[in-house]
Amino acid sequence: MNNNRMKIGTIIAVLVVLSVLPFLLDSYLIHILNQIGIWVILTASLNLMVGYTGQLSFAHVGLFAVGAYTSAILTTSAGFSFWTSFPIAAIVAGVLGFIIGLPVLRFKTHFFAIVTLGFGEIIRLTIYNWRDLTGGPNGIYNIPFPTNILGLDFALREHFYYLILISAVLVVLFVKLLIGSRTGKAMIAIRENENFALFVGINTWKVKIFAFTLSAALAGFAGSLYASYNSYISPYSFTVSESVSILLMVIIGGMGTIIGPILGTTFLIFLPELLRSVSEWRMVIYGGLLVLTIMFMRDGILGLIKSFVRKKKHHSEKNLLSTGKEEAAIAGSERN
Amino acid sequence: MKKVKLGLVIFVLSVFAALAGCSKGSEETSGKSGGSVETVEIGVVLATSGPIAQTGTWVLDGHKAAEKEINDNGGFKVGDKTYKVKIVQYDSEGRAESATAATEKLINQDKVPVILGTSISSETAAMIPIAQRAKTPLITFVAASDILTAQGASFFSQAAPANKNYVEAGTKTMKDMEMKNIAFIYVDDAWGQSYGKLYPPAMEEKGLKIVATEKFAPEQKEFMTMLNKVKAKNPDGIVLAAETELAVPLLKQLHEVMPDVKIMESGGSIPEELIKVAPDAVNGLVTLSRAGAVTPEITKFQELFAKSNSYKANSFNYSGYDGIHFIVDAMQRAGTVTDKEKINKAIRDAKYKGLIGTYSFNEKGENSLVGNRAIIKDGKVIYQTVNEPLPK
Amino acid sequence: MGDQIIQSILDGLVSGSIYGLMAIGFTLVFGIMHVINLAHGELYMLGAFTTFIMVGVYQINFFVAILAAMLIVGGLGFLIERYIFRPLRNTAMLNTLLASIGLSIFISNLVLKIAGTGMRSIPTPFSDKSFTIIGATISTHRLMVLLLTALLVAVLFWVIKFTKFGRSLRATSQDQDASALMGVNINLTYGLVFAISAGMAAMAGGLIGSLYVVDPTMGLGPGLKAFIIVILGGMGSVVGAIVGAFVMGYAETFTSLFWAASYQDLVGYILLILVLLLKPNGLFGGAKR
Amino acid sequence: MLEVKGISRFFKGLVALDDVTFTVKQGDILGIIGPNGAGKSTLFNCITCFFPPSKGEVYFEGKKITGLNPFQITELGLTRTFQHTQVFPKLSVYENITTGQYVMKRKDPSRTKRQLEQKAHEIMEFVGVSEYKDTTAENLSLGYQTRLAIGIALATEPKLFLLDEPAAGMNPEETKQLVHLLREIRTKLGVTIILIEHDMKAVMGLCDKIVVLEYGKKIAEGTPQEIQENPRVIEAYLGSEALA
């Protein structure tokens, strides 16, 4: 039981460090952390689908865009404040997720991927061409910051940091609780073996629709944060290459875990920033690294760290137990 | 186990390479105060990768030519001190997230006094709120969409010839080319759409009839159906609005469908580039252009540019060159290289004669650069202002 | 309006065959190797660049240049399969998909760095003369694209249906282990399949590159379009890829005829989703594993 | 307990099942035997609504279940295993069992978390996989995986349990243990069992009643004794030594 307490200890330590950061770093690094925070919420929502329910979705950037545009339109032309517009943005994205989910969730693996990619692009192209509502390619500018509450002035990056930090922590916690719950078990069962899950008494259709709608709402919420934070949005930031990069963040970090996508998001947002000064070769290194990561670190950064830890633990265990139980099980299993 | 060890090595290697890259960056800024002549860092954000990397690279080459020229003759004087120019450029990859991150890095880590904005309107629009909040002057010499000045940011100035100023020159050129029934074809992006809005009323006013209007998607390459549809309306003139990368396939196919129709392009394409890639399809084409008649300064710049670049200078290089000199002039008039507010005021009050015209701004940051035109005749480009008659 | 319809039918035929050239290579790799190769667009771009270097710089005959480009890029395809896709062969399809994304970013940016952003155009060997068939005009070059695509499809069908190698391809696509037992050298077969697919992409690049423009990022659009067409036509079926290509070609042609050119992509995606809703495995897709 | 009435199933002209009728009493073990391709698995798939029968109906405890979804039937207390053993590969044995308990919340909402955990451990003990509690299912041997599959099914606390060739690929020793386990399921848990199996020794020793299928038709029904002497059955199996 001690590693549980150790785990909670590290989490609290990390949170304390995170809450102190704004006082130590300049606002460029804070801006990067804010971007990471927003993307953590988006990748957490995507992880619900890819990591836990095993459905590879390319629509999440479209739902992220719906959330961003709903909140932007409400706050600019309808005069709503951020605090009333972000729940609406999440609901609108969730409802759209439900509507898209109905036809889409019938498909499996690569068909599901391509159909969600199609819907993602349909959302982007509709935003692009619906000029009088969304401003078309010009986008929407002068999106106001959230009105000040609790003495925080959100025009300052450092204060907005806390709003994003709290939202990210809440979302990650929510995902953790959901996965621990009964529905979470059903989602994991669907990922592991969808047909068999049907026979264990899981209404796979209902669970998938629930997961997709929920993750759509979370993506919408991330979108509303993104719009208010950047105060300018345009269809150019919701393209297919964006949905590819958030998918990479989830998978390279280690999908189907809570910490994996967070590591992946941090790694894939910090890496291009760190490589900024090597600007000519930056994208070449980025592409090359992706290929190497997929080939050698298949369960992602987290998998790498875990195997590193397990290797250390394994050595210590071996000399303790003469006939390790684990070895018996492995010896027993003559399957492939 | 072997694989995991290898994976570990790669992972460590990549982080190490990244950190090395980062440290190289920061150690540079610390060298600021050393040496007899101080260095002034000018922030530049341009898309040098991604789909529209071409324009960004041209502008950057223009910036570098000016930087080399200033530093070769000992830097520039402000008050009693002389300064060398150092360009700190970050690639925005054609994505708003990358552009905003680069802007934050320039303002907060490199602490540059001024930033030259990007070649793409949607990126620049995302950077304006950041520059405004950090009270750092941001100026673009390329992004021409009118949404940039519509944000009303006091620290943003648009030194690129805005579409509004070009409409005048455009309608006059259409008249000069004796076009009656015009087919108007424009790219459906932020830049193209502002023409889509501005041209029709202006053309109607001048009695020019629009027989067909077509818009096409930025990544589109196949235009045959659209051109045949336009051909059915048998226009005697075609007005295009398309960046160079998109204009080439369009012009090649236009040459197939309507070989001898008069064509005018409203300033998105570079004539020299069109000749190089599609010589026979563009003969007789007139494009609006930033650069007017070839002034002595332009010839001097072309010689300077030829020394360090393998291709012939074009008007995006001119704008890049003007950009650095304009900032240096503004700093000299402001009498400071660090006080951002004073520099911004000097920028807004500028009356600087550059290669492509005189830069001056109104209170909204819009400039008064007037469009010129360039005519492609038998493989050569003739630049002129719109008042001169078209060469026969 | 009448002759415009005929003209559009001809234009649709041309853009259909252009998409066909791209999609066939893609579906071969998926049908036989069950690998989704999103770097297919970059092989198309490399084909265009090789053809440009040979024709534009060294003035080699256009057709020789295309053949050479097919061989060079085909060889590269063989190496890519050997060193990147073979280690990932028995892992989840997700890995090969993601590895191909990394590869696509790597190749397009490498060429961007080496060749610079400049645009180039391959001088077309075909005369400017255009033919008029029942009221619709088509340039020699586009006619050549039509004919070469038809030729390529015919050759491919002949290879798959009648040659020993063709049979081993079909066997491997059904059941990799069984055909290995039958003495089919799986590694060689997969390597050759990837090489053929890369070669076809290179041919498309050279042929279509001279119609449009050659630059490092030209592969992004066609790569994604090929993926959509293959899914539309039915994963892994060559007939499906060809039919899917013409369906997409005509959808876009008639969209720009009756609506506006800028809505082409939107209609393409809506069409894809409608077809998949009605026939989940695509028009000709067999229920793969 | 279960009434199968006139079940037929056609696949594009091929008659997989032709008018099969039989009933199963509470607490019985019914064996279904027949040469390969006799339609045994198809019959199972029709009963458990994996796909609907072309004709005929199935009643479970008097209630018509044809046309329902598989997960609804599990709720009613009817569950099954598959010819190719189905488990949740990357989950540990314990997680596999707890996933099986998903349906319990609806069947018995009053059940607390503690009780469910307790039940899970009992089941693992019962099917003899508790030593590998934390091993992932895919690392287990075929024998242990089959036991786990049975454990998952028991976790749904069924009243009727259908097993599709559980002993396939097992050595005699493992088969003996399996028969022992099936007997205990009936006696200790009071679960009615329907078993498809080729191993005649196991079937004859275990089942109260046997149904024999051939080319989709029911050719015989009765006690193991009657079946062994029934000429139709002998002829169907051409006197293979299995009947001896």
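Lettered A, B, C and D in written order, each chain numbered from 1.
We take it that a contact is a pair of C-beta atoms (placed from the backbone, for glycine too) under 8 Å apart; a residue touches a chain by one contact, two chains touch by 3 or more.
All values derive from a computational prediction rather than experimental measurement.
Trainee: In this assembly, which chains make contact with chain A and also with chain B?
Mentor: C
Trainee: Could you tell me which chains make contact with chain C and chain D both?
Mentor: A
Trainee: So, comparing C-alpha centroids, which chain is the farthest one from chain C?
Mentor: Of all the other chains, the one whose centre lies farthest from chain C is D.
Trainee: Could you grab the centroid distance between chain A and chain C? Build each centroid from C-alpha atoms only and quote it in angstrom.
Mentor: 33
Trainee: So the centre of each chain is just the mean of its C-alpha atoms; given that, what is the distance between chain A and chain D in Å?
Mentor: About 42 Å, centre to centre.
Trainee: Measure off the straight-line distance from the CA centroid of chain B to the CA centroid of chain D, and report it in whole Å.
Mentor: Distance between chain centres, rounded to whole Å: 73 Å.
Trainee: When the C-alpha atoms of chain B and chain C are each averaged to a single point, how far apart are the two points in Å?
Mentor: Taking the average C-alpha coordinate of chain B and of chain C, the gap between them is 35 Å.
Trainee: Taking each residue of chain D in turn, which ones touch at least two of the other chains?
Mentor: Not one residue in chain D touches at least two other chains.
Trainee: Which positions in chain A are in touch with at least two other chains?
Mentor: Residues 129, 283, 289, 293 of chain A each touch two or more of the other chains.
Trainee: Any chance you could list the residues of chain C touching two or more other chains?
Mentor: Residues 109, 112, 262-263, 265 of chain C each touch two or more of the other chains.
Trainee: Please list, in label order, each pair of chains that touches.
Mentor: Chain-chain contacts present: A-B, A-C, A-D, B-C.
Trainee: Inside the complex, what are the residues of chain C that reach chain B?
Mentor: Interface residues on the chain C side: 1, 4, 7-8, 11-12, 14-15, 18, 109, 112, 116-121, 128, 130, 137, 139, 142, 211-213, 215-217, 220-221, 252-253, 256-257, 260-265.
Trainee: Enumerate the contact residues on chain B facing chain A in the complex.
Mentor: Listed in rising order, the residues are 1, 3-4, 6-8, 10-11, 14, 17-19, 21-22, 24-25, 48-49, 89-91, 93-98, 100-102, 104-105, 107-109, 121-122, 125-126, 128-129, 133, 145, 147, 150-151, 188-190, 193.
Trainee: Which residues of chain A touch chain D in their complex?
Mentor: 182, 185-186, 188-189, 192-193, 195-204, 325-326, 329-330, 332-335
Trainee: Can you name the residues of chain A that touch chain C in the complex?
Mentor: 56, 103, 106-107, 109-111, 114-115, 118-119, 121-122, 125-126, 129, 240, 244, 247-248, 251, 280-281, 283-284, 286-291, 293-295, 298
Trainee: Write out the stretch or stretches of chain A touching chain B in their complex.
Mentor: Where chain A meets chain B, its residues are 26-29, 31-32, 35, 128-129, 131, 135-139, 141-142, 155, 230-234, 236-237, 270-279, 282-283, 285, 289, 292-293, 296-297, 301, 304, 307-308, 311.
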